[in-house]
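Every chain is named by a letter (A, B, C, D and E) in the order it is written, and numbering of its residues begins at 1.
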Amino acid sequence: GGDSGDTGGSTGAGGAPDTGEPLPSVAADDALAARVPPAVAEDGVITVGSDSTYAPSEFLAEDGQTIIGFDVDLFELVAQKLGLDAQFETAPFDSIIAGVGSGRYEVGVSSFTINPERLEQATMVSYFDAGTQWATRAGNPDGVDPDNACGLSIAVQRGTVQVDDITARSQACETAGQEPITIDQYDAQSDATAAVVSGRDAAVLADSPVMAYAVAQTNGQLELLGDIYDSAPYGYVLPQDQADFAQAVRDAVQALIDDGTYTQVLERWGVQDGAIDDPTVDPTVG
Amino acid sequence: MAAEAPDTTARPAPPEQIRAVPVRHPGRWVAAAVIAVLAAMFVHMLATNPVFQWDFMLDNMFTPAVLRGARTTLVMTVAAMVLGVLLGIVLAVMRLSPNPVVSGAAWTYIWFFRAIPRIVLLFFIANLGALYARYEFGFPFDRQLMDLLGFQADWRLFGFDGNEIFVGFTAGLLGLALSEGAYMAEIVRAGIQSVDPGQAEAAHALGMSRGRTMRRIVLPQAMRVIIPPTGNETIAMLKDTSLLIAVPVTTELNFQLRAIGSRTFQIIPMAVASILWYLALTSLLMIGQYFLEKRFSRGFGATETRAQRAARRAADVGSQK
Amino acid sequence: MAAEAPDTTARPAPPEQIRAVPVRHPGRWVAAAVIAVLAAMFVHMLATNPVFQWDFMLDNMFTPAVLRGARTTLVMTVAAMVLGVLLGIVLAVMRLSPNPVVSGAAWTYIWFFRAIPRIVLLFFIANLGALYARYEFGFPFDRQLMDLLGFQADWRLFGFDGNEIFVGFTAGLLGLALSEGAYMAEIVRAGIQSVDPGQAEAAHALGMSRGRTMRRIVLPQAMRVIIPPTGNETIAMLKDTSLLIAVPVTTELNFQLRAIGSRTFQIIPMAVASILWYLALTSLLMIGQYFLEKRFSRGFGATETRAQRAARRAADVGSQK
Amino acid sequence: MTGDGAAMVRAEGVRKSFGHVEVLKGIDLEVAPGEVVCVIGPSGSGKSTFLRCINHLEKIDAGRLWVDGHLVGYRERGGKLHELRDREVAAQRRDIGMVFQRFNLFPHMTALENVVEAPVGVKGVRREEARARGVELLERVGLGERVHNYPNQLSGGQQQRVAIARALAMEPKLMLFDEPTSALDPELVGEVLDVMRGLAESGMTMVVVTHEMGFAREVGDSLVFMDDGVVVEAGDPRRVLTDPQHPRTQAFLSKVL
Amino acid sequence: MTGDGAAMVRAEGVRKSFGHVEVLKGIDLEVAPGEVVCVIGPSGSGKSTFLRCINHLEKIDAGRLWVDGHLVGYRERGGKLHELRDREVAAQRRDIGMVFQRFNLFPHMTALENVVEAPVGVKGVRREEARARGVELLERVGLGERVHNYPNQLSGGQQQRVAIARALAMEPKLMLFDEPTSALDPELVGEVLDVMRGLAESGMTMVVVTHEMGFAREVGDSLVFMDDGVVVEAGDPRRVLTDPQHPRTQAFLSKVL
């Protein structure tokens, strides 16, 4: 579990939660633990695939080893409820779902927005609500309008739902007879954000908590643009044939919501806006 | 001690041709069998393991977007090599200049670009836009310099268009060409230095200028040494275009194949598709390189011929007597 | 036509020493000045452009995590090279085997791993875990093969531990070592072939076996040719560890520096930090390489000495008369 | 047509081709134990090839070749020839010392290491024993002072003498010399010939390809003139050199003498 | 101490060092127009260096050197020497042909292209004109049939004759030869000397470093013996060769004749 208490760095480089509160811990629920598949329960460890470039959901702490973030904190509690230890491994974002399918990871926790395509590949358990949020440089010097970004360079992370979003917008531009959008797809979300800080791209779009966090971290160099839209749940990614386990995970999240630790964790990272009260296995989306 | 005259026809029976039972090498055959079985297993696995999704791969590895990616990769390879070779020639001539400032600058350039990994360089260059855009707005310093010097045009272009230049294809091309220039410089220098100094001397004795001697006499002969490693560099460049994913250059082959993988969650089939594509493209170049090397290893030079002849003569000293 | 005896002391006035006014080369000095001013501008920009955030960079480029990253990079370089060299020797000997299956297998291996970009290979290997986990569960096929053959242990290990092997450091090491093996094989082969065949012949004539001849006579002499390019390969390997970001190997230098950049959105300072780190590490190796080449270019071999001597003799034929 | 023990070397109709070129066209030769046979002939006549056949560095295509009563490179069993394994060929070669025109010393080993390498590594002689014997042999060829020098620190003549000592260290029954002095500067030829003369006097069986007619005349028990892959003339060296019978021999000698 | 027009080459106290080693220790020499001077001397005596000084391939350290009345490599103005620019040096060299021991033909050009390169590229002669003249020159050196051969398709003697033709194509006033025959197999020496003899007879001024004493005797107008960086003895070739005055000349000639 990552709690880097000591933040530091001249530009607010820390990235740890603003509150100094320690991460709450919860007791295992034996009934839930009993529903964990034997293959997972065997060693008491659940292997988590996560792309640690997505602050504040999951990112590397200053020690260069620990993965921290609200996704991490929250899933650690889920694991505790299930009597497991969560072991996070860094993986390229676009290979996590395939990795869960193949058994390489026992679960994928990396701010996956639930969408029909992903539901075709995996069982997903919703645990948070996020929408898409745009950001641009402070003062919006390029005059970006999310609804009319034709002809601009826009940054996104490869493999995210925002790629589809921006591709659709670009096509709309073209059908309207305007310049298409130049879509710069980066390996890491942080590269996409940095591309806007540096002025290389006019704007970036990503999940709302990520953008909020980036704006906070870049000392006023960025500002949010427009409203959150396309609100959709984040989901834990589980293998398709483990509906029962998914149900157990759902119940564990519900238990955390019920006992208040869920909100505690979200508040710790300042993302309580996205809290939900009805975690669901394979929710209907889109 | 005995030995008749050589007319073997007179001998009673000509000694028979040797038709011996060859030695068996069971070890070798075991090794061969092991390799063959491993290969068979490998092929079987490829054929039957559902992870590979061959149908899916075949359907997706020749889409128009991928074919465009392959074209971009080839265009990038050629463009980066052309710029790199030109830059390399300039740097090599600078490196051999008697002026220590000029030669030192070339040395520094070559050292710098050979010492840093291309992916790091590409990543840096991709982010350079920030540098110059910022530089333009924040500092009056460049205007002072511009007043001072005569070559502002270039510098301004550089400064103003940072964000357009250091993006996508252009950024990737710039990074690869700058880096290649350093490697080519060493190759060209080796080529120039491989030419017998007697050649330049003969040209000078005929009253030819330095420049003309370099162009007409030295460089054409250096080509024999320069061309084969340039072929290797081209192959390496083709492979290194796959690094452009770090810029990113979204139109390039590797990016396109991975994008399909990301979109469809079929990472492995598209990774295999990448491997097959590069295997095919590189093999084509390798075949070209093979013929190039064959052609150039023959050598057209009297220099080489003379050296060879000298070596042969020395070797023959004894046996010819 | 005239020429006195050589006692120049008897001459009326010894001809004076030549102290000529040297030719001015304004072009050269302009070039030097241009370079110097460009360099000064560059340094000034580095110093004053706020994008670089030198303080921030210095604060962050030597954190314990980064230092650990540098260590991992070095460990990875050494480990990959050691494995690569061993693999290369095996492949080179296989390649030179008279058995066509064995030599063909080595050829295929070398061709394959030289033809695909390392970053594509690393990405593929990183995803192999998926392959083998699936393979294990879905197919009874490997059990049949295991019955058939005698080397199951290895294969099972391979099969079972896929997910642990093809992850992080191990996956990266495996990818780099497999790839390096192919390059080293060509180097080792060139080294072996550079040894005068007379050496092996002399060893055979003394009754030495093939294996012993290779170990005691050929390989030690091949070293002279093998070692310098191996130094180059080591430098290239150090640089290529930066590709491990594709696996990803999170403990490695480039990843660590970029992670700081990601966390703080200070991409450029940390990109510069990467450049400086690799510049320093590579330069260290380059210095080592320089001395290595110097040492080995002297050559210890009678072969070379004799060839040189032969060449010298041939060249002297005329002037010695 | 059998290899009885009487001859150290016995060749019958030995033929050898490289590709389509027949280099040896049926060589017959017998060398008695203790005999010194000198082989002369123009370049390309097949002298080296024949020497290399004797210790199976080349495979013969037809004919038979025995050394010390054993078929070289083959075993005859049930009326059929079987190739020997590498190991068996190596064992045969141990009894045959060979000295090359270009010395072929191991450049990464000192003179003594060159001499010791094969006895220790191949015959399993104890290292100290081999070293003592090696020093003795090097002294015998006049290099007692140079045991720890590397080949490139030695003159050509010294290198060739080390090469002879190296061959002798295996205690061969037969020594083959392929133009041992022709890569040497003229002033160094004598020292090598002296060593060879001493060796001949000690009773070693030797086949010497050479162009040193003086050596052939004084030391050789017989002289063989080869041309174009056949033995044209053979006999007492003095007789062949002064009164050659065959016109090709006459032509050759008139050029080299 | 001035370069009056009378002499084609005039050297006064020419000195040249490489690092700390003084290779030319004060050379005085005069070559009249049309004269053929042969230079002999042991290896390392500085013959080549002196020749290279004459067309400024080496810079001299002290003394003065004139060719055809012009200071080589310098301009004297206001009592001071000024180095010539590369362009001016090149212009001076056009009047001096040089033939090297190792031919130094351009291997990527045919014989004719070798001959045509400098007239066209340096003097600006029209290509057709240069080619016609080149063929003529190659015919003059006996290579009319070989104009389109590359150097590596020619024998050494033929290459050297092309090199002479190449130098002549610039219509030099002076020809320098640095051991033009010593890299040649003996049977090829004659054909090159014949060409040189013809050239001498046509009235060309020549400085020839050579070991061909026969040539020096028959063709040379004078013979210079150099040793250790000085001219030891000079004079009529027949006189110097048959009756050398200086003991060093005697010692040298006793060895080479």
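By our rule, contacts are C-beta pairs under 8 Å (C-beta built on N, C-alpha and C of every residue); 3 or more make two chains touch, one makes a residue touch a chain.
Heads up on the chains, UniProt names are B, C = Amino acid ABC transporter membrane protein, PAAT family; D, E = ABC-type polar-amino-acid transporter.
Being a predicted model, the structure only gives us computed values, none of them experimental.
Colleague: Check every other chain and keep only those touching both chain C and chain D; list them.
Modeller: Both-contact set = B.
Colleague: Starting at chain B, how many touching-chain steps does it take at least to reach chain C?
Modeller: Contact-graph shortest path, chain B to chain C, evaluates to 1.
Colleague: Using C-alpha centres only, name the chain that sits farthest from chain C.
Modeller: E
Colleague: From the centre of chain D, which other chain's Cα mean sits the farthest off?
Modeller: Farthest from chain D by mean C-alpha position: A.
Colleague: Distance between chain A and chain B based on Cα centroids, please, to the nearest Å.
Modeller: Each chain reduced to its C-alpha mean, chain A and chain B end up 42 Å apart.
Colleague: Roughly how far is chain B from chain D, centre to centre by C-alpha average, rounded to an integer in Å?
Modeller: Once rounded, the distance between the two centres reads 49 Å.
Colleague: Once you find the CA centre of chain B and the CA centre of chain E, what distance in Å lies between them?
Modeller: Centres of chain B and chain E (C-alpha means) sit 45 Å apart.
Colleague: When the centre of a chain is set as the mean of its C-alpha atoms, what distance in Å lies between chain A and chain D?
Modeller: Inter-chain centre distance comes to 82 Å.
Colleague: Identify all positions of chain A at which a residue touches two or more other chains, and write them in rising order.
Modeller: 95, 98, 101-102, 194, 197-198 - these are the residues of chain A that touch more than one other chain.
Colleague: Which chain C residues touch at least two other chains?
Modeller: Residue numbers touching two or more other chains: 51, 123, 127, 130-131, 134, 258, 267-268.
Colleague: At least two other chains touched by the same residue of chain D: list those residues.
Modeller: 86
Colleague: Pairs of chains that touch, anyone?
Modeller: Applying the touch criterion to every chain pair yields A-B, A-C, B-C, B-D, B-E, C-D, C-E.
Colleague: Inside the complex, what are the residues of chain E that reach chain B?
Modeller: Interface residues on the chain E side: 55, 57, 86-87, 90-91, 93-94, 96-98, 100, 102-108, 117-118, 121-123, 150-152, 159, 163, 166-167, 170.
Colleague: Where on chain C does chain A make contact in their complex?
Modeller: 51, 55-56, 59-60, 63-66, 68-69, 123, 126-127, 129-131, 133-134, 137, 163, 167-168, 246, 248, 250-251, 256, 258-268
Colleague: Chain D touches which residues of chain B in the complex?
Modeller: 1-6, 8, 11, 14-23, 317-321
Colleague: Inside the complex, what are the residues of chain E that reach chain C?
Modeller: Touch list, chain E to chain C: 1, 12-15, 25-26, 28-32, 35, 37, 43, 60-64, 74, 80-86, 101, 179, 182-183, 211, 221-222, 224, 230-234, 246, 256.
Colleague: Touching chain D in the complex: which residues of chain C?
Modeller: Going by the criterion above, the answer is residues 196, 198-199, 201-210, 212, 216-217, 220-221, 300-303, 305-306.
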